[in-house]
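Before anything else, here is the set of structures, which you'll find just below.
Consider the two complexes below, in which chain A is the common component and chain B and chain C are the respective partners.
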Partner chain A sequence: MVKFYQDLSISHKQIVWAWVFLAVPLIFYVTIRFYPTANAIILSFQSWNLLGPRTWAGMENYIKLWNDPVFWKVFRNTFVYLLIGTPVSLVISFTIAFHLDKLRFMHGLIRALYFLPFMTSAVAMAWVWRWFYQPVPIGLFNNFLASFGISQIAFLNSTTNALPSILAPAVWAGLGFQIIIFMAGLRAIPQTYYEAARIDGVSGWTILTEITLPLLKPTIVFLVVLSSIGFLRIFDQVYNMTLLDPGGPLNSTKPLVLMIYDTAFNAFDMGYAAAQTVVLFTVLLIVSLVQLRILRDR
Partner chain B sequence: MATLSLRNLVKTYGDTQVLHGINLEIGSGEFVVLVGPSGCGKSTTLRMIAGLEEITAGEVHIAGRVVNNLEPKDRDIAMVFQNYAIYPHMSVRKNIGFGLRTAKISAKDKLGRLEEVAEILGLGELLDRKPSQLSGGQRQRVAIGRAMVRNPAAFLFDEPLSNLDAQLRTQMRLEIKKLHQRVGNTIVFVTHDQVEAMTMADRIVIMKDGHIQQVGSPLDVFYNPANMFVAQFIGAPSMNLMPGVWSNGAVSLDKGGLVPATGVKIRQGASVVLGLRPDDLRVTQEAGLFTGTVEVTEPLGSETLVHVSAGGQEIIAKAAGKHPPVLGSSVHLTASPDALHLFDKNTGEALL
Partner chain C sequence: MNKMRKWILGATLVGSLGFGGAGSALAVEIEYWQYFYDARVKAMEKLIENFEAANPDITVKTTHFPYADYRTKVAAAIPAGQGPDVVQLFYGWLNDYVEARLIQPLPADVFPLEQIETEFFPMVAAMRQGDAYMALPTAVRSLALFYNERLFKEAGIENPPANLDELVEIAKKLTKRDAAGNLTQVGITTGMTAQDHHWFREVLVRQFGGDPYSDDYTKVNYTNDAGLAALKFYTGLEKEHGVTAVGFMDEPQAAFKAGRAGMHIDGSFRIGSLDKTRGLKWGVAELPEGPTGTKSNYSSYWVNGITTKAQGEKYDAAVKFMQYLTSDEAMQIWLETVGELPAKPSAALTDKNVKDPVYGPFISGLGYAHTTKFANESAQRQAMMDMVQRTALEGQALRDSLEQAAAEEQKVLDDYYD
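Up next, the complex of A and B:
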């Protein structure tokens, strides 16, 4: 064996070592990622209550899903999270990053403050926000409104207000990360581009829209994809803020992941949950690919 | 076209003063090169003219008006940057046109100017390309085009050739010089390369540590350097400098040797530094100023640099390209008396 190894050429030895090192993550990924994924896809064509035998069900789960009004409601909710959450969070984080980049005063501290929510546990955060949203005399927001004589707002108890109310802390929590990435992107733009523009005398708006944003495109693509995946998989904020009736009221805040959780661990309908997972996976894949396609160079 | 003048220009960053009162008058249509080692303040001076750096004290006049408190765009100047500052996401056309964004002329006139500039710079074919599809020299021309299209009173170049390879640099040097002869704008050009300065400038401004050392035509600063720094900075290889003591019309060198130097009014026994350009030293067989052995030869084709060790000091001389002196052989070096430079050892000022 040793003799065999010694007789190999340098490039062959390098290949041997490359495979030795690659084997570790490869085995890890195959057992932890690919095997369960494949298993879930198979499971989506089966019926299983977690204890009994797995029996083949064909397309039954998918047909059931197609005809399930809750699924379509949840599907819509998930896209509302995505379509509001991603642009709003990106616009806010860019605006903050853009101005923070120019600020010298307590720059580090302010940046750290923005990053803090990102490091905080989602559960703790959800509970604090849940408290903010309570009616008088407990909730912070309603108390504040009441002190000006403004009538109360049912944040979490209304089918129309609940979803945006849950989205707000989700957006807020992700800002820190996005700001840091945006600032890194802004720093990477050579200063001479701005100096040249200053000499040309173009307006600040032109500089922003025709120099800064186009040059920031790789950063934007990265954040759009990452934040979209995040909002499509939203779960903890919703679950923890609507704990008494997860996804309520009347499923108005329920995202796809929460429905999967419900189906799997409350109804123990594993096959059906797997079918929903496959749908979520497909949606994530399509959305990411489409975004990469659109946002990449032309 | 416009005159440009700097009056007592001072720049400080906190407690550090980087420019100590720069005075310079630049005539209309003149090509002036600021040259010096890094950190000498040449780029800072240029950026103060452009309005990219605050002026701590003193005045900048462009076309007769004080521009200290004017925004860069109101100073009627254009600048070409070292990294070109052309936008990678815009076509050549848009990049050049960017300089006209705020110009108060009709769209038709803008197009006319753009095409005229593209024509002058030979960019006509490339207008729809992206910068990534251009060579280094072409990008450089786009950057110049962007400056030209605005028809400014003065062009400012901040080390624009540093990013090019040697061959292209020589070519662009010539192109910029031709362009200047053709368009005739006032140009202030910053470089650390003395060859660029010598070849392009009408007048060279040599700077060091925030002070102007000498201002003059290329030949003037070469043949009549004001001090030791200029003498060493201009010309390649550098001037040979040999410390010694002057007395009775001759310099007695510290490391041995006596070189006659007349026509200089200094006290007997003054410490001086003798300067001789390698170009002025001839390798001969007859006895000359110095005698030594050939240590190293550097053939350059048309000529050969000969490093001669003479009494403990190394002297560089130029010899013919063909049949250079043999390594290790004993040679004599001689120079005509008017090639001699003499500097005060303490102040560095030229004495001869």
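Up next, the complex of A and C:
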């Protein structure tokens, strides 16, 4: 072995060393990511309660999933989180970033204030919002409404209001990060384009739609993909805000990840949970690939 | 590890040289696991202290986890051989562990069958598999009605309700609303998320003439007039009488602790945390009787069992520890520290305990309590929760909602027992 190494040319030795260094993250990835992933895919065809041995179940878990009404409801919820959450958060964060970019007065402080929620623990935030949403006599919002004689709003104890109520703090928490990325994107656009536009006397709207947005495309692609993955995997906010009836009322806020958690750690039906995970993985993969394709090509 | 090996080597040497006196001088260390709950941890520390004083050659190492992770941690560790020698499990989980051969039966010479059957409360029989007991509890829990003495006095009520009609009447007197009609104080707390699903199944359904399950808890049996009457009574508290609201102050025990609820049904394990609430004066009464005078209660318990990891001298030490954990002395300590009731009538039904104003009602409840055999408690609770929510939020008819809940719960049972 040593002899073999000594006989190599310098460039070959460099390649060997390159591989040695590359092997560290590679081995790490294979053991920490790929092995469990493969294991989960195998497990989705098995039946296991964590205690006894695993037994083969064939397609049983997937058939059960297909026939489970809760799964379809949860599937729908997950896409509602995605389809409302991503566009709303991107529009808000772009608007803020766009105006914040032009602002000089207390710029740093305001930016920090927007970024603050992103650094706060999602659990703590969810509990504070849960308190805000409570009915009279403890809820902040409802107490406020009641003091003006306006009837209470059932924020969380409603099948229609609960999902938007949970989504709102989730969007708010992610804004800071998106604003920072948008601002970096805005700063990266060369000023010469704007100067040229101004000389031509183009309107602000045209500058926005013809120069700023097209040149922000890489930033937008990045944020769309990242926030989509985030909303498809939403868990902390939902779990903590509906802790007593996770994903409730009547499963109206339950996302896929929470259903997986429930199946795995309350029902201890690991195979079924793995099947759900494989579905989530597939959905994430397809959504990300489609978004990359649509947003990247012209 | 190395340090321990040296220490054991040292201990062996000392032992073989004859300094150890009679019997084994080899210090055996066994590991005990339970979930974290301040009072339970304190009680266990006291028990271990007493046990180690009586058995100087055995040391017990305890580990506890937050309740949220406990079940998963135990389920992951024991099959891997990394877990404890003696473990505390919820009675409803034991079947899975026995089936997976992770729990050893208690030795018949130390824990004879007849002796257990005569000494313990009858609900412990659920721990019997064939001719052996797999695990035994130190304490059991039952439900009772907590009431706020200050609010009772304020409303001029002298005694807690003896039956369900009185419950409604008293609750009406205790309910307060602001000018806009918003509830600011409830007569009684409700919420299937807490203990109410037990109250509904094992108490209300029985009191209205039903039997919640048949065939040893494998078949749902409340889709009849009794079940409907029970559901009508339960949902009527909010809908008809307006003495409560689901989700008032987020959770029932919070509303009661804050002095915003007149009455609250909860388990004996709540005593400890209510005791620490400053400014709250509360009393305990037995659960109100049904329309025909039926008394019922729900009882649950945590058991201690010996895992298959304990072998040889560790097994012997584990058996000794189990013996102590199921002794009258341990049960009394557990009662006084945690507020959970002794699992043996001999320890529970002492004059002092029965007459105790706090423990008394719970202990009386044990005499007529039922223990639900859950296949998946959280899923079965979910069915109850959704049943009430459907009638409240979606306006579903009571009977339809009851039938849907029964179908959902039956599916959980079928999935488990198939």
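Going forward, the second predicted complex is superposed on the first by the 291 of 298 C-alpha atoms of A that agree within 3 Å, B and C clash if a C-alpha of one lies under 4 Å from a C-alpha of the other, contacts with A are read in each partner's own complex, and residues count from 1 in each chain.
Criterion: a contact is a pair of C-beta atoms (placed from the backbone, for glycine too) under 8 Å apart; a residue touches a chain by one contact, two chains touch by 3 or more.
Values in this document were obtained by computation on a predicted structure and should not be read as measured data.
A.B. asks: After the superposition on A, what does A:P69 contact: first (chain B), second (chain C), both or neither?
C.D. replies: In the superposition, A:P69 touches no partner, neither chain B nor chain C.
A.B. asks: Which partner does A:V136 reach: the first (chain B), the second (chain C), both, or neither?
C.D. replies: second
A.B. asks: What is the contact status of A:G149 with respect to chain B (first) and chain C (second): first, second, both, or neither?
C.D. replies: A:G149 sits against chain C, while chain B stays out of touch.
A.B. asks: After the superposition on A, what does A:P25 contact: first (chain B), second (chain C), both or neither?
C.D. replies: It touches nothing on chain B or chain C.
A.B. asks: Thinking of the overlay built on chain A, is A:G248 touched by chain B (first), by chain C (second), by both, or by neither?
C.D. replies: A:G248 sits against chain C, while chain B stays out of touch.
A.B. asks: Does chain C touch more residues of chain A than chain B does, or is it the other way round?
C.D. replies: Larger number of chain A residues touched: C.
A.B. asks: Of the two partner chains, chain B (first) and chain C (second), which one does A:G204 touch, if any: first, second, both, or neither?
C.D. replies: Neither partner.
A.B. asks: Thinking of the overlay built on chain A, is A:E195 touched by chain B (first), by chain C (second), by both, or by neither?
C.D. replies: first
A.B. asks: Would you mind listing the overlap between the chain B footprint and the chain C footprint on chain A?
C.D. replies: none
A.B. asks: Going by the contact rule at the top, pick out the chain B residues touching chain A in the complex.
C.D. replies: It comes out as residues 50-52, 71-74, 77-79, 81-83, 85, 87-90, 98-99, 101-102, 146, 150.
A.B. asks: Using the touch definition from the top, list the residues of chain A that touch chain C in their complex.
C.D. replies: 49-52, 130-131, 134-138, 146, 149, 151-152, 156-159, 244-245, 248-251, 262, 265-269
A.B. asks: So in the complex, the part of chain C that touches chain A is made up of which residues?
C.D. replies: On the chain C side, the touching residues are 71-72, 75-76, 78-79, 96-97, 99-100, 102, 178, 180, 182-184, 191, 193, 245-251, 260, 376, 378-379, 382, 385-386, 389-390, 393-394, 415.
A.B. asks: Which positions of chain A touch chain B when the two form their complex?
C.D. replies: 190, 192-193, 195-203, 206, 210-211, 214-215, 217
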